[in-house]
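Going in written order, the chains are labelled A, B, C and D, and every chain counts its residues from 1.
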Amino acid sequence: MSGNTLGKLFTVTTFGESHGPALGCIVDGCPPGLEISEADIQPELERRRTGTSRHTSQRKEPDQVKILSGVFEGRTTGTPIGLLIENTDQRSRDYEKIKDRFRPGHADYTYDQKYGFRDYRGGGRSSARETVMRVAAGAIARKYLRERLGVSIQGYLAQLGPLVLEPKSLSTVYDNPFFSPDPSRLEELEEYMINLRRDGDSVGARVNVIASGVPAGLGEPVFDRLDADIAFAMMSINAVKGVEIGAGFASVSQKGSEHRDEITPQGFLSNNAGGVLGGISSGQDVVVSIALKPTSSIIVPGRSIDLDGNPVEVVTTGRHDPCVGLRATPIAEAMLALVLMDHYLRHRGQNADVTSKFALKTLLPGGD
Amino acid sequence: MSGNTLGKLFTVTTFGESHGPALGCIVDGCPPGLEISEADIQPELERRRTGTSRHTSQRKEPDQVKILSGVFEGRTTGTPIGLLIENTDQRSRDYEKIKDRFRPGHADYTYDQKYGFRDYRGGGRSSARETVMRVAAGAIARKYLRERLGVSIQGYLAQLGPLVLEPKSLSTVYDNPFFSPDPSRLEELEEYMINLRRDGDSVGARVNVIASGVPAGLGEPVFDRLDADIAFAMMSINAVKGVEIGAGFASVSQKGSEHRDEITPQGFLSNNAGGVLGGISSGQDVVVSIALKPTSSIIVPGRSIDLDGNPVEVVTTGRHDPCVGLRATPIAEAMLALVLMDHYLRHRGQNADVTSKFALKTLLPGGD
Amino acid sequence: MSGNTLGKLFTVTTFGESHGPALGCIVDGCPPGLEISEADIQPELERRRTGTSRHTSQRKEPDQVKILSGVFEGRTTGTPIGLLIENTDQRSRDYEKIKDRFRPGHADYTYDQKYGFRDYRGGGRSSARETVMRVAAGAIARKYLRERLGVSIQGYLAQLGPLVLEPKSLSTVYDNPFFSPDPSRLEELEEYMINLRRDGDSVGARVNVIASGVPAGLGEPVFDRLDADIAFAMMSINAVKGVEIGAGFASVSQKGSEHRDEITPQGFLSNNAGGVLGGISSGQDVVVSIALKPTSSIIVPGRSIDLDGNPVEVVTTGRHDPCVGLRATPIAEAMLALVLMDHYLRHRGQNADVTSKFALKTLLPGGD
Amino acid sequence: MSGNTLGKLFTVTTFGESHGPALGCIVDGCPPGLEISEADIQPELERRRTGTSRHTSQRKEPDQVKILSGVFEGRTTGTPIGLLIENTDQRSRDYEKIKDRFRPGHADYTYDQKYGFRDYRGGGRSSARETVMRVAAGAIARKYLRERLGVSIQGYLAQLGPLVLEPKSLSTVYDNPFFSPDPSRLEELEEYMINLRRDGDSVGARVNVIASGVPAGLGEPVFDRLDADIAFAMMSINAVKGVEIGAGFASVSQKGSEHRDEITPQGFLSNNAGGVLGGISSGQDVVVSIALKPTSSIIVPGRSIDLDGNPVEVVTTGRHDPCVGLRATPIAEAMLALVLMDHYLRHRGQNADVTSKFALKTLLPGGD
């Protein structure tokens, strides 16, 4: 399969560039009978949308999704679902000045090397705009997972540059433009972003995502492990440079007696595994953390070369996010939903006859 | 495709359990004409082999690989290569005592939940023994990459529990049982492992892998990015809980002006990208780091449940590694080779007509 | 992959129903640099279009294709190509009368059994209207094959019910609404269709397709043979019940001394193989023949059951082709182009280093 | 995936050449809990085995299969099943004389063109010996289909050269070396083969296969239709040049009123569809027919060229079947089983929630 398809049974194939007429995707393999309409998808697009705050790029677009197929009388038919979002606010002239040079840290150089030339308008296919279709497709997966399996997926901004945020209030994450899980830090975040923008620079971020209610048994080792597919899906998001499951890199310095999650008849006593053991979901929360690099499109001048190999200085003006991580929360949620959905169908295909013996979850410290 | 196949054009499909009669794999899609024999594969198996030091499990097996097909008169024919390694030192009676209970932190529980029952002998399919075929298949990919493209792949132990190792002497990595890149730290490592074993505990590790000479252009965005497939392949290794490319999680607190790798006509001035921009190789070194959790099979007693859900105490005796990370270096090298090989063929399939314009590498600080 | 994707490196994923707002597809894996525009695709859609003659269904639609992505400044960029065709002439009320019953010989029954319910408007996803995207995608493949490899693909109607047509004038096939290769038989065909329509019945057809200039070496045995993928692609066309390569079923009664195509330094002396030996193209013409059943939507009353299992009589009025085979020629050509394109890229991916030793073609009887 | 893997959820990947040390395969995705042992597979291998009669090639090999993984305590574990058959009767010296030339009608030429050189011993990978692993893997699928779903699969020789055989006694097919369904024709078949062998020639054959008890709903249109995957699987068998489903090519001259299978509350009144409508199984018998060409390895001299392009005369001595179709019945049965098994799991993955409303079968003429 070529590179723009995700999944094996529940698949998402996307197309579209930042400044083309439209972006779209095909969701294939969705079980029939799911009630779905544009109204189920649009709110998730709103959360992702550029322009929700002055801290993300000022592109003004409604991102209005249209369902073109696969739904009849309000329910999925089991046939492929075509989704389309038209681009309405392309300002391509902004990009004329970078068409003949490579922004350092950007995909400009590698696209040119791979394909021989590139659509330089707004980053073309390499633009983060592409993730809009991930969120749209993810909305369908999330609805199925929530309604049929009781799975809920929640992400949040865990770190912005030097500022580490604690998950104090997950229920308020969607109420602020940073997806901060700590409402008491909003002013601090705002101030940090104002200074960053003033400096014409950008910064990295960490986003965490948690899926609760995931049934045990999802994952197809030895290669197509649930955590391997999660790592794949997360690393496929623009700007992601690292992925952790559960304790992640902290497990490097853990002892086995500390890391392993002990089991009692009432549940697991901890969740260092992040909900995945041997590549298969355990029924505990699936816990994922990703690192996003600072965007490369900044005003601070940088050294680079042009198409002829001559040295040039690059300054990126135009609309750009000083922190792409600020928009990554809904995208990471969508990717986790897509992976879980695909693995649920795959597991059901092979193992529909097997009945899980247990339904253990993680016991919280307080103990419910 | 079911879960035991890796890759799309250069594919590896594996089978085999820890205590079955044999393990094997099929390498499909290898270009014809590559000179290959068991002698090319065996040394890499030796490096991975259990029993190379007293710090890894004392299973004594030659891991003798046989090429069963796909090679004629010393060269690959383009048809599938069947590889087989017989198990000769199974001591299944060691495992009778854990057959009715789940080791905490182990795949015992999830395999049982997924499939309804499990081959409990030595972990069955979830055993790290499975990785022997990854190394065997990887040896073929490495040879092609090295001979045809000039790609070299080098891994090393970057951290053992609390001990961080600097890459002072990569040429000596294979000369010590820890794959340590710093020969001056060997005694310290040895002492740490002796204490760990004495305590009946285990510890995590970090392993780094670097591929040099990778041509620019490999990777198929937006999903099948080179880094996404690397993350997938690495996370599919037993015990891996985290993957980083380039600066990885350090990029969270980096500024854009710091992270981006500036370009001059002579080369890149840094490599925070880890050799991948926009999901496509840049020609710089591909730099990967992985976190391995401490193994769950330890002597320190732990709480768990049995098959009927009753509470039990689990103590794992038998042959087990106190640090699976010690053996992970050759495995991580193999996985990186397999991903690069697959992406090279995929890129060539789609873009054989395109000529790369540049061949920039990272300029070293000293400046060659 | 779910069921709506064709190919492995050059892939086509389609969506859309007969009476939904639009049909579309994503062509992924097209090599960069191919000059393409809507003007290259539209003529092939015209050839397929319903309403080209009074013998096919009278739906009046322009089938205007839009390229939504993957093309920049007139050339493919190597990124996915999104294609869209809006439905503009749906008359869904025609189908109210069959919504609660199954047309005998139609997919009504099986879609309902598989998915629990169905989009009954115009056959929904099972409508032959779906093939419009195959033709659109095929146009891109054909252009690449023709311009880069010199491959030409030509189909024709070989049989209409009892009327067998000889390939007397392939150059005139596109000049008549039957795709007849024998201009002298047009009146006869017309008369046959008039009588058939008058009787309210339908009839089957045979279509042949030939690809010339195919390079030797395409096909990936033992499963993904070129002929196996051709059989797959052809049988996936609505109404196709049989596929032959070369001598096809005639080879059942042939002797080996008769069937084998002898070779001379000047070329092959015959082409019973149909251009494929051992699943790999030989460089001879690839010759394919398919059988299309008579459409099931006819006026002649037939016995069936309704959604509750009660016996009903079914009469299909509305717009229907009395011979779906009449429109199958461009579709079969497109499918052959798509398979050849995918196999060309796959072969190039694995075997780009190999140089073909010979370039033998079939010697024609006269001997050029 | 490269070309040696069949299926998507229930996959079979094979390796091995005619004269290598062994052939093998990996069956991945088999549901856990199926009782299986070598004793379930061996009888199907015996039926396929060369040397069962003097009319097939005289290679004497036990074809003893070993299960190397995926089965524990007599039941499948859900992990990949490794199967191995060692070659014990290679007589490679027979092939020295054809190593530098291409047998006309054989894959010699195309393998050489594709890969640059070939394993000429016994046809290497292109040998029909490869099908032994298809039969072994198929035996597992058949057992699951039979025991869990009540599906039975029965093939037979429908035509040998000019001799057409009627299915008079399907229960006796396995009792004669021709797989003839008409015991009264055995002498005639024997005499025909004796004459053919005396002439040093070969002949084609037609084989039919029928699957009964197939549940409605299998098949994933618009591309991965059940009939499309059957066509693929059948055409991937050595020497197959044509595939029909149901009425097949006879439907070309049928009227719609004749072809369509009318439905009553008691069942379908005919089965021209061959059990597949719109690419989805209807619950009727799945009926497949294939054409096998005469083998190209014959004693009658033929014109060809050598590796340098010079004209040569080719006479193939050694062990060869004068009619490969005689051995095709168990192979075709196996392929049909593999396709049905894969589609059953795929359907279950996507549509496990859907309950079929009807369970109609074909009413036999007599009317049971």
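Rule of thumb we're sticking to: contacts are C-beta pairs under 8 Å (C-beta built on N, C-alpha and C of every residue); 3 or more make two chains touch, one makes a residue touch a chain.
None of these values were measured; they are calculated from a predicted model.
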- Note on the structure: The larger set of C-beta contacts, choosing between A-D and A-B, lies at A-B
- Just grab the chain with the largest centre-to-centre distance to chain B, centres being mean Cα coordinates. C
- Task: Determine the centre-to-centre distance between chain A and chain D, using the mean Cα coordinates as centres, and give it in whole Å.
- Result: 45
- Rounded Å distance between chain A and chain B, as computed from the means of their C-alpha atoms: 26
- By residue number and range, which residues of chain D touch two or more other chains? 1-5, 8-9, 14, 29, 32-33, 78-79, 114-116, 125, 221, 346, 350-351, 353-354
- Item | Residue ranges of chain B touching chain A (in the complex, touch as defined) | 1-6, 8, 14, 102-107, 109-116, 125-126, 130, 159, 161-162, 201-206, 216-225, 227-236, 238, 241-265, 269, 272-274, 276-283, 291-296, 298, 300, 302-305, 307, 309-311, 322, 325, 346-347, 350-351, 353-358
- Note on the structure: As the complex stands, chain C meets chain A at residues 1-5, 7-11, 13-17, 20-26, 28-29, 32-33, 66, 68-70, 72, 75, 77-82, 84, 114-119, 121, 124-125
- Item | Residues on chain A engaged by chain D in the complex (per definition of touch) | 8-9, 29-33, 78-79, 148, 221, 345-346, 348-354
